[in-house]
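Letters A, B, C, D and E mark the chains in the order given here, with residues in each chain numbered from 1 onward.
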Amino acid sequence: MDLVLERISKIFPGIGGCESVEVLKDFSCFINGGSLLSIVGPSGCGKTTILRIIAGLEKASSGRVLFGVGEAEPGEKPLVGLVFQDYALFPWRTTLGNITAGLEFMGVPLKERLAKGMEYVSAFGLDGFENRYPKELSGGMKQRVAIARTLIMEPGVVLMDEPFGSLDSQTRNSMQEFLAGLWEERRDTIIFVTHNVDEAVFLSDDIIVLTSRPARVIERVKVLCKRPRDRTGIECNTIRRSVLDILGRESSKLG
Amino acid sequence: MDLVLERISKIFPGIGGCESVEVLKDFSCFINGGSLLSIVGPSGCGKTTILRIIAGLEKASSGRVLFGVGEAEPGEKPLVGLVFQDYALFPWRTTLGNITAGLEFMGVPLKERLAKGMEYVSAFGLDGFENRYPKELSGGMKQRVAIARTLIMEPGVVLMDEPFGSLDSQTRNSMQEFLAGLWEERRDTIIFVTHNVDEAVFLSDDIIVLTSRPARVIERVKVLCKRPRDRTGIECNTIRRSVLDILGRESSKLG
Amino acid sequence: MKPWSLTVPLGAVVIWQIVSFSGLVPTNLLPSPLAVLAGARDLIFVGMPPEHLLHNHIIYSLLRVFLGFIFGCIIGIPLGLVMGWSSKAKGVLGPFVEIIRPIPPLAWIPIAILWFGIGLKSAAFIIFLGVFFPVLLNTISGVESINPVLLEAAKTLRAGERDLFLKVLLPGAIPSIFVGMRIGMGIGWMTLVAAEFTGVKEGYGLGYMIMTARDIQRPDEILAGMLIIGVIGLMINWSLKALESRLIRWQ
Amino acid sequence: MKPWSLTVPLGAVVIWQIVSFSGLVPTNLLPSPLAVLAGARDLIFVGMPPEHLLHNHIIYSLLRVFLGFIFGCIIGIPLGLVMGWSSKAKGVLGPFVEIIRPIPPLAWIPIAILWFGIGLKSAAFIIFLGVFFPVLLNTISGVESINPVLLEAAKTLRAGERDLFLKVLLPGAIPSIFVGMRIGMGIGWMTLVAAEFTGVKEGYGLGYMIMTARDIQRPDEILAGMLIIGVIGLMINWSLKALESRLIRWQ
Amino acid sequence: HTAFADQKPIRIGYLQNDIHQLACWVAIEKGFYRAEGLDVQVAGIFKAGPEEMSAFAARALDMGYVGEAPATTAVANGVARVSVVAQVNTEGSGLMVGKNSAVHHVKDLVGKIVAVPGHSTVQDFLLKKAFLKSEVDQKSVRIIVLKPPEMIGASGTDQISAFIAWEPYPAKAITMGAGRLLLSSRDIWRDHPCCVLVADDRFIAERPDDVRAMVRVHVRATDYLNADTGEALRIAVKYTGMDDETLRLAMRNVRYTYEISREGELEYVRFLSGLRYINVSDPESFVNRFLQGVFLKEITGR
């Protein structure tokens, strides 16, 4: 589903003696339905805030979020999925229980949601772990459960906030490959926030690079390399270099 | 200070119904005094265990850790410093309080340790933050405090267990540069565990690559590039590639 | 339970017996363990007051404590969920709770009798007062300790208010609620004597039994009664712990 | 404190007054708020028993509670540090603690008098029993919740056993210790009436005052006394919270 | 008398709000102890007799005003070693029913609930005696334990049909308009023993002169309060905080006397043994040891 952010501003009012913080100022951006957009930018520039506004967890101070503009029926607000860096799994629910939580909240009957849940368990390579609690899973598994829990809801837009940020690099690579494979099959609309430029290059159709606060788009880079991509190939490396350069210039501006 | 690990084995006895785990088996290795050695290897292979045995937090099932073999007076066991991934700062102590904690434990008089502590505060770029509590510091600052707290003790050997693992990549890069600068000045003997091959290449004199459990050294790679190093330069990239290759072969062996 | 976990209690008993023998402590007020054992035997077979046997006292007190406990939980847990969830509710009800909390149970007796009459309900009310506050306060802190990200995750998964309460706040606060329940159960037992001051109709109750032994000046039976309450409390505590570790295997 | 945090207590008082006016509740048993206010005035100026004025009752009770509280902390905190640190100590002492914990304070009175005679020390002992257990249990859980990495960090920094206790375990457990102290203070007040059953020498004490008002059937003064205990408890709770937020600014 | 000046003060105890022990308060208020050269210290004010007996057991008291019942059980059960050196009062309890109660005779209590202040108390005994006299089967009445302050409220709300308590509770029930006297304890058992002045046996052995002086003060105070009821009433108001109407009514029901009632004690010991509350094989010799009338005899000549 297409998504347009129209001149969004966000000011956090200062509480107590603190100054108020202007995180976003007339921020505009779009994403085409069925594509994967990555956002990279300096720490604290407002990436998480953008996702939270799209997800409806935070209200924008001004501006609009428009869903499905290009579609026949712009209709109502679609379901927006959100995947968190620290998984945010319900520790008291098993793998299957976590994956089917959203269906349960929506009132899907037990049998149906178990069947659908087990499909996702298999599709996400979690067979044999469906009755385990999160604490018994490795980081990579936990994040697969979190992604499955979100995708099973068939959301119009999926937001991912540094989903692989706390994984070690081997696991991270394999999760990137897993996500790339999954996306090529399903073609969800995904906005992917990351600090890792390699990751952005490996996964995305587009990368937007943000300035520091208040966030503005410095550049929108199209990643046209063929999929499946070669992480250390020349094509990827060129794009990686140019994105790193932009970021480097941005941080050197900061001092 | 030179350090030799001689045929170290470590078996964790199984508690309850669990099987016992053999983490190290006849593991031998050495590090030259004043050099920086990195250890990379698959997750769970036993890297942390090696450090803990050197630090004396864990007893080896068999084998010996020898300090200062090459030196005139092999003498007593020197102080071994340990830097943790999650900083392990004392949350109830300020920056200065954390940095001087070890001196305090050793009974150094207040005035002396404050003076020395302030030196380290400056050297580690923490001026103005000496009276802040850890929760008020950024991740990079916290890790600088943790390193200062260890180095102020002038340890014979410094062990670092993925010290930059929870930092975002920009901060991580700047911390690597900071550490490299510091090391070139002080020439501490450092053993550095990391998952990040770039990091290992950027920092180390030697890199040892381990197999999965029980850990064995597959290869010891010498990094001869001149310092300061160019992260994306060809020299470094070649070594990076070869280490990644070794690791890749090791993980593909696993399945 | 480890085998050596009884060393200290047993050691204490042995030392106590030796001290009693030596005459260092007046046995007229602090009877020796053997005398307490004899007192326990009298409680079991003779009864205190006579013909009122121990097992009935235990049954009636258990009933009172459980009733007070159940109501303490039934009211404390939902209220705690609300007060932990809404800082407004906490701000409004908090001072009220804090004023009522330190009031001694014995002071409540006249009001208990007024509201609930003599008997089970009054006694259960006094015990309720002991149970309610720890359960409430721990439920609040349990809710407050839930990672807020879990609530946001639930919201993005289309959880309604009811789901948030029953399927996020409640399970998330459960570990802390159990702590509150265990503390509350302990304090519930502590208030038992006061509770049974509200008058026992059937003539049974451990607190009543102890107070009768006190009226009749039988320190051996007082001590035996105290230890019986202690052991019952210990056993209930263990049961709650066992229940806890079954219910929150996920922790 | 927010201005609206008094809405509910005030609202409750207004409703209570209305109910009293309407005659739905017998005012000889549950006096109206205005009658309670008059009762408080009598406590302040006439005294209960006569010439025993409220402020002296408060001073004596504060003394007893604080003495019990201080000893509860002095013994509970170090013991809690040891029991949290060594699972052996916990295994050995734990069941002992759990047996003694649920014993009602009233049942301790004869022993209190035996050990400590009549007066301050006996009363403080009963209050100590109320304070000790929450402080102990929370100190234990505080120590257990300390990230073990901090202990290892301290060890690699050459901390000795004493440093570990005083500079790692103690500060690390402090937040939890404060929770225990606040709960313990509440329960200490709860045991005040029982404590003053051990006999008062000077004729002063809030629990003694309430029990005297009860003896002579002055429900207005009973309620006024209960509320006074409640308000004192609330104020102490606030002070402890204030102290807490000063001492643990690092949290 | 000044010979005692360097001795330790005499530690006494009494029960708060028990107007049976008015003589003690009169002696304090009127300075009779000082006049006798006694250094008396109130070492404990108690809410109930058992606690006071615990204090004797812990050797925290030398002498005290206390109920005869707790003193007897404490001595018989070996908790404390004290002796009665004088009576304090006899009678002074009342069996009460609700103001509009349909109960007009002890027989009417069959099938009803009656509250007593505790097992083994004098009131417990009095109630059983009343049943015996009226040929009521004890098992046909439900006896529950309730503390006197709660009795009035409970009978006002029909929780109980009757209660028996010591003064001033019966009088208070009457002045509050909540209760009516069914039987005074005098009607049940004329001149039955109630409160006594006791002394620790070791104290008697070590300081007999002090005991004698204490008994002398007690006799004087008792005579005083029987003579000047007005001043006694004023003191009672001061010590209890109760209104004087109630106290006047209550005092009328109490017989203040120092004459020890041996027969009464004997009967009481037999009663307690019969219920197995105490285990005294030879009541006669127990009572002979427990009641030490010698001091009183020296003073009153009787």
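By definition in this document, contacts are C-beta pairs under 8 Å (C-beta built on N, C-alpha and C of every residue); 3 or more make two chains touch, one makes a residue touch a chain.
Since this is a predicted model, take the numbers as computed values, not measurements.
Counting steps between touching chains, the shortest path from subunit A to subunit E takes 2. Between the contact lists of subunit D and subunit E, the overlap consists of C.
Comparing the CA-atom centres of all chains against that of subunit B, the greatest distance is found for E. Across the structure, the highest number of inter-chain C-beta contacts is found for C-D. Between the Cα centres of subunit C and subunit D there is a gap of 17 Å. Here the spacing of subunit A and subunit C, counted between their Cα centres, is 49 Å. Taking each chain's centre as the average of its CA atoms, subunit A and subunit D sit 51 Å apart. Mean C-alpha position of subunit C lies 36 Å from that of subunit E.
The multi-chain contact residues of subunit E, meaning those touching 2 or more other chains, are 50, 54, 57-58, 149, 153, 157. Looking at subunit A, no residue sits in touch with two or more other chains.
Residues of subunit D found to touch two or more other chains are 26, 29, 109-110, 113-114, 211, 214. Pairwise, the chains that make contact are A-B, A-C, B-D, C-D, C-E, D-E.
Those residues of subunit C that touch subunit D in the complex are listed here as 1-2, 4-9, 12, 26, 29-30, 88, 91-96, 98-111, 114, 130, 133-134, 137, 141, 183, 185-187, 189-194, 207, 210-211, 214, 219, 222-223, 225-227, 229-234, 237.
Of all the residues in subunit E, the ones that touch subunit D in their complex are 13, 16-17, 42-48, 50-52, 54-55, 57-58, 60-61, 148-149, 152-153, 156-157, 168, 172, 176, 178, 237-242. For subunit A in complex with subunit C, the residues that touch the partner chain are 55-57, 79-82, 84, 86, 88, 90-93, 101-102, 104-106, 133-135, 149-150, 153. Subunit D contributes residues 147, 149-150, 152-160, 163, 167-168, 171-172, 174, 248-251 to its touches with subunit B in the complex.
Those residues of subunit C lying in contact with subunit E across their complex are 26, 28-29, 46, 49-50, 109-110, 113-114, 117-118, 197-201, 203, 208, 211-212, 214-219.
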